[in-house]
Amino acid sequence: MKWRALLGFIIVGLVLAYFPELRDMLGYPRYVLTFMYFAFFWTSLATSWNILTGYSGYFSFGHGAFYGVGVYTTAAIVTKTELPFLLTLPLAGVLASLLGLTVGFVVFRLPQLRGELFALLTLAVEFVVAAILFNLVDGGYGLSIGRVPYPDFLGDFSEMMFRLGLLIALLTVFAAYLVHHSRLGRGLFAIHDDEAVAEGLGVPTFRYKMMALGLSTFFAGLAGGLHAVQLSYVDIGGVFKLTVPLFVILMSLLGGRRHWLGPLIGAVIIHTFNDAFSDTRFQLLNDVATGGLLIAIILFMPEGIYERLRQRLIPAATLALLVVVIQALAIGGRITVQFAVMLLFVIALLMIPQRFYDTVIGRFVPSFESVKAKIRSGAEE
Amino acid sequence: MLTCHNVIKDFGGVRALAGVTITVHEGEIVGLVGPNGSGKSTLINNITGLTVPTAGGIQFLGQEIAGNPPHRINHMGIARTYQIPRPFSTMTVRENVEISALFGMTQGISQKEAKQQAIEWLDFTGLSSYANLPVTKLNLHQRKFLELSRALATKPSLLLLDEVMAGLNPSEIDESVKMIRKVHSSGVTIVIVEHLMRVVTSLSTRMVVLDQGRVIAEGLPETVMKDPLVVGAYLGKDYA
Amino acid sequence: MQVNNMKVKVFSLILVLLLLLSVMPAMAQEGDPIVVGGTLSLTGFLSPTATLHHVAGQAFVANLNENGGLLGRPVEWIVLDDESSADNAAALYERLITEDEVDLLMGPYGTGNITAAMNVAARYGMVFPHHTASLTYVYDYEYHFPAWHIGLNTHITTNNILYDALESTGTPPGTIAIVTNQFPGAMNLAFGNDVLEPGGAAHMAEERGWEVVLEVEFPSGTTDYGPIAAQVRDADPDFLWVGSLGADGVNLIEAMEALDYHPRGQFYLWPTPGPLLDLGEVAEGAFSVTLFEEHEPFLSNIGAIDMVELYHAAAEEAGLPPSSQIVDVQVAASWSAWQTLVAGVEGAGSLDQDEIGQWLLENGVDTVIGHLAFDPEQNNFSEDLTRIKQIQDGKWVVVWPAEFAAPDAVPIYSADAE
Amino acid sequence: MQLFIQSLLSGILIGGLYGIIAVGMTLNWGIMRVINLAHFSLTFLAAYITYQFSTVTGADPFLSLFITLPLFFVIGLVMQWFFETFQIEGFVSLLVTFGLFAIFESIMREIWTADLRTLPLDIVPYRVESFWIGPYALRKPQVGVFVAAIIVSAATWVFLNRTYIGKALRAISQDRVVAGAFGVNHRQLALLLGGMMGVYAAIAGAFIAVLFVLRPDGTVDFIGVIFAVVMLGGLGNTVGAFGAGVIIGVAQSLTSATIGPGFSPLVTFSLLILVLLFKPEGLFGRSATS
């Protein structure tokens, strides 16, 4: 099972890594590579956050701290030494992870620090880390990285970022997959539901929380390290802004926190929205839509898109395909805008209460559960 | 197999256990009784490591366990159930049991084996037809049995049952009694906390009575129930 | 298990479909207009000032089109919102260049965004005019054209211009206090950098034999200026040099005023013009830097009168507060960046980036802030065009160098004043 | 020494501002279990309305309270109705109110542009005036906000501890079901509390309009500090919020005057971390247990 999954991830990775070579053939603009790099970046961050929070239920608001440590590790080393930046990436991950483990070592021993208090504490950690880096490393000047040297086989700059972003995203998602399907994941889910009971039934909760936090922060640091190169100019205000932890949360909530694929889905969707609506004409729409979406998701779809899709795969997919066809036939313009509009439709469709599907759609289109039941009964015969 | 030696537990200024000394021998069913607030649940919490005694020692199989984290105590062979069932609410019935099979004394088994064992334990407690349902679909009685399956799946040698029968109707109680005997006959030593005297006296091989954090009586059910101290504790001093 | 697999397959199929759709080439929009692309920080912490650049740019483009456009074609300006963040800026410039395939670029607002975006422009060899970058020493790209023309060694030259102005009064300061926002450009001007020769407000003051009696750095987002004001009062310098941006200046002046402390002389680096003037009497005599003010000789510069007129109207229509409806250094820098771009295209007679770039490097350009020469030896900066302005009778007027001063205006300062 | 005492005083006064913003947050959090990020937005919206009122009419900004108090009572009430209807509380409320926060900010930007807004000094000359105690200056609007903070937090404390409605509210914060069983109408009380939050936002907003240069995202300068104040003061403890505001104000101010302003966030948030680790109920205890 795990070997097959590994093979799957490798194949997906190789195929996608070849994607930049196909630019001439497919005729897509180079920006697609940057767009996808950002999708990979957010996927890594959201997925890494989810390894701790989605699985164990410890809601971290300070993911930006670990991402920021990664950014500053790479930025500081690249600007101050001759070390090739590829070597700084693992270090970025390790330093972020060390910080995470230090925090965890203190916090996870205190049973009262759950829920909002844990969230607040991690937020405070982010502020403290920002203040320390600001005073010790940055000094207010920021770090200008400029154009870093890198090995030729990775292609030109956007191809290199695409490939490295892809690699880190795959590593993170694969780690999330492994955790999800391992003893660690099972233990974390138990901690999520009832930590004291889990501990009483033999789950070594402290060790598991530390492992989850260590992994989570490692990948956040890794993604941050690479992102420093994309930023090319790094300053505290830009790196430690509150939008990083909030976006990560929003993505995971939207996609679904209980499954390793959830944050990936959320990251792709939110990044698409952001890109599609960055045109100033959509500015009000962008803010109101982001805010409104957040509220709507929490009120009407708290378990996230992945779970909803699983329950309503066939009706939702049918309607979504319909939208795709209409879009493709009828509307021109930027493709991410189309994509975003379509996604909005799909999300809206998914938010429609189950009752509606049961009474209206269910008569014409079979629900996934009923298909599942049919297949099962077929298999038993 | 289990020895509590002069266990004291304070919460703030309140002394919940004022020096409890109890021994549980292998193969027994010990009935732990006492009025509300007498310290029964506190004692269980201290044995399972949920709370750490203020003073005193707890030995299990000759080893000091007080102060160990609960999961380590569980790995040594002690499991418990909760008075109000606390299932993992986002999992199915089977997954609930799988967790304890995976992490209990048998740790090191594969997830496949854990799943297999979970199904076996659900068969044992008669819940196998609910295996794939979310736990929210279970009624109280079934949840109590789920608690039991979960505790058993950790393969304990000592099982602490905290009011498994509270809130059940008479026929469910009878089923539970049968189930406990079944567990006992499979070789598990049991400490049972219970309010229903009829049940405890019929089940236990020995009884311990707590009052205000102290052991006030100990012995065979029929003798203990006649002890004036016990009667006084339950009915007030006037009846003693 | 089978069911599960099918579920995953259907699901992945949909995902792949969606992804493929998203990378299908955008339908090419063949059209007449020349498209200029850029971002501005329309939201986030840089947005107060970026809004001015937005209004100015729109006014410029509208005017350009009314007068026949560029190379006989109309001009369209695509502005994206980078949300005050450098990573967005870099990504959006990538998009503008490779997806929207814009013909020309206009720089964003803010040092960090410009620095990040410039690296993208450099990768594609695009001409990159920009209006507000202050980390002069990091810009080594050959086709970047700074309209905020402050010279490579701004940390030396700008301070010298200011200090010359103070000395011209005959009563220069003996002591000076440096208070600065920990913002990259402000730090450079206050304390210099470790790339070029030593400089910065503190160092340059010491070179003149003035004693630096106080150095305070404060972070953006400071809400309480009381303690800083109290330190200034205790140090009681002859002159107060503040590396401020946005509302910092207002906050500090008010905090000092509340302590009943009035500096004998004070300088604010990049204040937003409006709020400082709203202080009235209290801010009288404050110095600042500028590249343009609404009076002679600046009004004689190419396009200056048009700019003032057009901007007034545009700012009023956009609903900016009255004090932001006057043209100051921000608007003029924006305007001159646009003039640079237009001059380059018309001079080269084509949209070829190399031709435009080379033409600009060879010829320089005349703009509302004067002649900009681009010297590759000095990171495309040349002479420091910084002028010193002062609030006199409730208005900003340029007072130094003398040849740029408003009629009859001279720096008013005395270290001996009470 | 003079610098030290002056900074101390200035820190105490700015603590009043933190306190008055934190009172609303702490009640919402402690009693209704709503972590209301939109409270910051309401405060700034009130500040903008105050600014608009004053610049248009030329009147003293505090006169705008006649408009903003009732207006924000209603807004707060509607918001609480929304929270009640959808049963938003705990962590979820943090996310939902962040959505509201983003929407409010874009509305403010749409109306007042992103440019800086400040009340001209000729309308509020007292903004830069001070009361003097010997050589030490107490800035008038800061004294005002300090006094207002004392009144608001004390009055709220009395309301919660000495009136029937207040006791009912505290009962809700401890156990909603039991309180309901004793005939406490939870919903009406919640709406009343929501209205009170709005009123607090209006009062704080008026002071912010006087004290600060406004920009639509100016809220971000306060979020971290106010969270620290709320936690330090103890959830639901209004007097604690005031006390914590003063403590943090003083800590920041003294750090700023001695080590440097760049270190004051470090001190504030280290303080918050220490409190969370060792005294999560806050320095002054929670209202529910007081």
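Letters A, B, C and D mark the chains in the order given here, with residues in each chain numbered from 1 onward.
Following the convention adopted for this analysis, contacts are C-beta pairs under 8 Å (C-beta built on N, C-alpha and C of every residue); 3 or more make two chains touch, one makes a residue touch a chain.
These numbers were taken from a predicted model, which means no experiment stands behind them.
Distances from each chain's CA mean to the overall CA mean are smallest for chain A.
For the pairs A-B and C-D, the larger set of C-beta contacts lies at C-D. Comparing the CA-atom centres of all chains against that of chain D, the greatest distance is found for B. For the pair chain B and chain C, the distance between C-alpha centroids works out to 72 Å. Centre-to-centre separation between chain A and chain B, using Cα means, comes to 43 Å.
If you average the CA atoms of chain C and of chain D, the two centres end up 35 Å from each other. A separation of 34 Å divides the Cα centre of chain A from that of chain D. For chain C, the set of residues that touch two or more other chains comprises 42-43, 45, 182, 217, 219.
Multi-chain contact residues of chain A (touching two or more other chains) are listed as 134, 140, 283, 287. Chain D has residues 106, 220, 262, 265 in contact with two or more other chains. Chain pairs that touch one another are A-B, A-C, A-D, C-D. Of all the residues in chain A, the ones that touch chain C in their complex are 26-32, 34-35, 38, 134, 139-142, 144, 146-147, 156-158, 227, 230-235, 237-238, 241, 243, 272, 275, 278-280, 283, 286-287, 309-310, 313, 317, 320-321, 324, 328, 332-336, 338-339, 342, 368, 372, 375-376, 379. For chain A in complex with chain B, the touching residues are 181, 183, 186-187, 189-190, 192-194, 196-206, 258.
Contact residues of chain B toward chain A in the complex are 48-50, 69-72, 74-75, 79-80, 82, 86-91, 98-100, 102-105, 107, 111, 150-151, 154. Taken together, the chain C residues at the contact with chain A in this complex read 2-3, 6-7, 10-11, 14, 17-18, 21-27, 39-40, 42-43, 45, 54, 78-88, 90-92, 94-95, 97-99, 101, 111-112, 115-116, 119, 122-123, 135, 138, 140, 181-184, 186-188, 193, 217, 219-220. Only residues 59, 106-107, 110, 112-113, 115-117, 119-121, 123-125, 127-128, 130-132, 134-135, 140, 242, 246, 249-250, 253, 283-284, 287-288, 290-295, 298-299, 302 of chain A touch chain D when the two sit together in their complex.
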